[in-house]
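Read through the structures below before going on.
Two complexes, one shared chain (chain A), two partners (chain B, chain C).
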Partner chain A sequence: MTETMFQASVRMPVRAARTSLLSRVLASWQGRIGGGIVTFFTLMAVFAPWITPHSPTEVDFMSVMVVPTLEHPFGTDEVGRDILSRVILGARTSLLVVVAATLISSVAGAAIGLVAGWVGGWVDTLVMRVMDAMLAFPLIVLALAIIAVLGPSLTNAIIAIGIVKIPHFARLMRGEVLTLRTLDYIKAVETMGLGLPRILLRHVLPNAAGPVLVYMSIAASLALMTEASLSFLGLGIQPPTPSWGGMVSVGMQNWHFWWMSFYPGLAIFITVLAFNLLGDAIRDAMDRRLS
Partner chain B sequence: MTRPLLEVRRLRKTFAPRRRGGSPVRAVTDVSFDLREGEVLGLVGESGSGKSTIGQCLVHLHRPDGGEILLDGENLATLPRGAFRRRRTAVQMIFQDPSSALNPRMSVGDALREALRLHSPHAGRDVIEERLERLLRLIGLQPEHASRYPHQLSGGQKQRIGIARAIAVEPRCLIADEAVSALDVSIQAQIITLLGDLQQSLGLTMLFISHDLGVVRYVADRVAVLYLGRLVEIGPARDIFAAPAHPYTQALLAAIPDPARPLDESAILDDPAGPDPRAAGGGCAFAPRCPHVMDLCRKDQPFLTQVAADHTCACVLRKIHPDRQGETV
Partner chain C sequence: MRRVLDPVLQIVPTVLVVSLIAFLLTSLLPGDAALSRLGLDATQEQLDTMREQMGLNDPVPVRYLYWLGRAVTGDLGNSLRSGEPVAEVLARRIPVTLELAVFGTGLALLIGVPLGILAAVRRDSWIDVATNLFALSGMAIPFFWLGLLLIMFFSLHLQWLPPSGYVPFFENPVRNLHLMALPSLTIAVAFAATLMRQTRASMLEVLNADYIRTAHAKGTPPIRVILHHALRNALIPIITVLGLQMGTLLGGAIVTETVFGLPGLGRMMVDGIYKRDFPIVQGALITIVVAIVVTNLLTDLCYRFVNPRIR
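Up next, the complex of A and B:
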């Protein structure tokens, strides 16, 4: 038979078959760099109180807005606080906001999109109209409205930033589900009478996850910037707790003293970059065709 | 005679118009046929004739708008949920496109284990693994293929896995919806042989949906011909190919390329767009293209009439000239 000959010639290596997702993420340079930076910042956030060279909240009017020196490598701010120490401690709030808000929006959005796309009909129409209505507002206006109702605090900032991104994830997920529904392997497991939870968890979600994961890395960077805007308006993280976004906002008002916004801005930039690299690496690692 | 495994009675399926104001598409209209235990019934027709819709109704990917689908005399459409789910595996489908029929993130073994476990939820790990190995051998693959992912397989191998998944739940009836149309001709022959072997050894009943009459002639015991959602002729394959009764079947057979025969210049099926399923009319759906069309055809819908033993046809010509039964018109 011609096919048996063919089989012998295409016996492919199956080395990637049983490796874990983590090891496949770390196999790519994007995964190593992105993962390395995220780990570094996470450790920095966890051990922040013990590694800051100065008190991040202690006001020193003898050294206000000092240029970066050996004593203050990142300079000081408008009330003499050490910026390096504030960047280190700010990683706590900033990372917490980013991770928690992105998780809220991706999990809730993906669940909404999954249900709307799978059930279809009037449920789909109703849910997606609500999502469209939310999309019609500018992000920051919607976030402000939510905080106006809940009151300003760290927790409420996380909730507000999480909620405003839900429609994006819902739309993305719904589109993926609608495409997958037409594929024969989904029809096949339906025909076999496989239970709905298993169809969704084993067949639909893993195949819809790629774009959602990539969008999570984008949403993470947007969350960081939304947090900055909210802090700037005084509705996000309340002073004196440092957050990168808040520090950039204050620094922007004193732009002659570039170090005030440059270093927290650099921290935001590197974190966003790391999330994007990590998102790419996870997507590639989940794709069996590339592994 | 024993009761047919599957009885389809006046099956109807209409699709809502895409846009508001459009006319609905009547994909399947009052189609009735039996699937007899152990036979291969070929279902043929051009694109848009409703052959795939019928197949999908049988495995409940579509809900029919009317009619009955009786399995062992039980109407699947009216069964309560739980009873239906147990019954569902009795009819399984093999899909056309092997590349989209397998989950790209699941190894072949996992996909088949899922089906095997579904069939026997209380079986132990060893039993499942043993069955998996037997299943892979049955479809002509090796146990080591279990660890492969779909992208590591050829089209023919993927189609074998699709077949394995369908028979893993031990169905009584297989619907092969254009199961070999997407494959190379050399692979087609292998898959057809495999289906034939499985049908024999497992005692399967099969509905073989295809637009390729050459393939159907090779596999089918009986053939049903659809035109615009209506059954126009059904009978033993030998009779249909030797003496087609309906003008449409005759045209289909004339369209099979044959190097020994000059090309028929007057081919009536040449219209590349094919028939429009939305064009409603009182009479015979084939009338606009029929070379033997009469006034009567445009007025009345012809009934299925017996033309030979076990062979019926829906054409007025067959009704008017009962003495000419069996001849070619």
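Up next, the complex of A and C:
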């Protein structure tokens, strides 16, 4: 009896310490709302072709720029396409850009930071100088400059947005690596004479990955915003592929028909907000686990 | 003297790398600069002479050094479309973006700092919750969408302000201010949100300090404690954020200029990309980034002088 009670009282804190990151994230209202909307957005993007109430590409000159009604809850655009359907399909474009661009920047940035931080010396100085110079450019300005070279398209938008976030991940990773290098267990694997790739990939990377993963949520929100801005300027996703930024831009030329720009813009706003909230929640959850 | 000189010298490599990136990006632009200068009916001979004259046959490092040498003396080349010197185009465009940035920063300070103080002083009250919601929304709202909403409300619905256009300040100050009001507000909101969060955080830190309790105990009026004792010490991180956000502000200006039809640096860059006019893109790019690097430097210097504890 006493023994079981003792065990129980000992186990409690152990289990509490093991609570998964996910449940800690979902414990905060930011995590629940942000996570909920991001999940909704992802499902909407994945199932887009099956859930649009109308065809997002079908032109209907009998119902051009129709005010929102039950038939078309978000109204129709300048060639009679259903805006709700286009907003749903636009989520797909946005998700593709966000996921692909964030993968490019996190993988490339982490690799650069890992090598620069580990090797040190002039390689580190040179690489970080270039990263700092890239950070001096506002995201949208550097992305525009890259688009100027590559030309506007979906693939190039992904590449441009992927590249502009590389320095952020590189700096983050480098900082982690510099801290890890001083720790005994990393010194130990070095002394054991393991190969460099094995040390970096098996021992350094997994222990430095936490902050990088946290930052991905913030990077996703910035990627979404940058894609929307590029498409709004006409230098991102090209029509007829529906993109939220591009739809706002068309709506701007017809601003008496408010719904044309209002709903796609609202979609960008809510999704960016959700990614920010989720990012805050993940950061707080990690902080609490560390402390 | 070292306090001023060190940070100044530190930005030299950054500016060099920035100029190299800008040069490489734009010298990689597809399309033949000689062809776009001469037009499609140019003969092969004319094209070859033009390429030689423009130095397009030289290796890239040589072209970079020539370009850098000319850029330092203020010669950024000529527009490929109009033949106008890029420096002259910049001279016309910079005041527009500068005015937008100054008004935007001013408005952001007027909105963000008082709200931040209020949120910190009335911590956990409905004011704190409301300002937090404002900050969250302000940071997530796209500049172009906010600009459109403002146009729809203030120009189309209330008909108070014109929706778009630009008149130089010295030509017609009243009309200029009317036209700049909505764009300035558009870029101010996101900035105000960041400033508000920073003001709240640094005020909260300071308000818990012993010397604030002492000031209260002495019977100093609460307003004076907040503004004179607390805010002064909370200002340093606020100044830092002000400088660091200049990039976001100028990035926002690019998009905002498009919404409101303002002929600034951002519009110059976007139009340059559309027209494949690379000296124009290069000029706008360099100006924006140098402005940001210099602002960061000034912030750094300000910081050192405001806070004597930092050496």
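In this text, the second predicted complex is superposed on the first by the 201 of 291 C-alpha atoms of A that agree within 3 Å, B and C clash if a C-alpha of one lies under 4 Å from a C-alpha of the other, contacts with A are read in each partner's own complex, and residues count from 1 in each chain.
Just so we're on the same page, a contact is a pair of C-beta atoms (placed from the backbone, for glycine too) under 8 Å apart; a residue touches a chain by one contact, two chains touch by 3 or more.
Keep in mind it's a predicted model, so treat the numbers as computed, not measured.
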First, second, both or neither for A:Tyr185, with chain B first and chain C second:
first
For A:Ala148, is the partner it touches chain B (first), chain C (second), both, or none of the two (neither)?
second
Is A:Ala136 in contact with chain B, with chain C, with both, or with neither (first, second, both, neither)?
second
Applying the document's definition of touch, where does A:Pro206 land relative to chain B and chain C: first, second, both, or neither?
first
Broader residue contact with chain A after superposition on the shared chain, chain B or chain C
C
Now for A:Leu194: first (chain B), second (chain C), both, or neither, which partner does it touch?
first
Could you look at A:Val272 and tell me whether it touches chain B, chain C, both or neither (first, second, both, neither)?
second
Residues of chain A at both interfaces, chain B in one complex, chain C in the other
none
Would you pull the chain B residues touching chain A in the complex into a rising list?
59-61, 85-86, 88-89, 91-93, 95-97, 100-107, 114-115, 118, 140-142, 147-149, 151-152, 154, 156-157, 162, 165-166, 169, 186-187, 190
If you look only at chain C, which of its residues touch chain A in the complex?
13-14, 17-18, 20-22, 25-26, 28-30, 136-137, 139-145, 148-149, 151-152, 156, 163, 247-248, 250-251, 254-255, 258-259, 269-270, 272-274, 278, 281, 285, 288-289, 292-293, 296
Interface with chain C, chain A side, in the complex: residues 129-130, 132-134, 136-141, 144-149, 151, 221, 225, 228-229, 232-235, 245, 248-249, 251-252, 255-256, 258, 261-262, 265-266, 268-269, 272-273, 276-277
Residues of chain A that touch chain B when the two form their complex
1-4, 6-7, 10, 12, 14, 17-18, 183-185, 187-194, 198, 202-203, 206-207, 286, 288-289
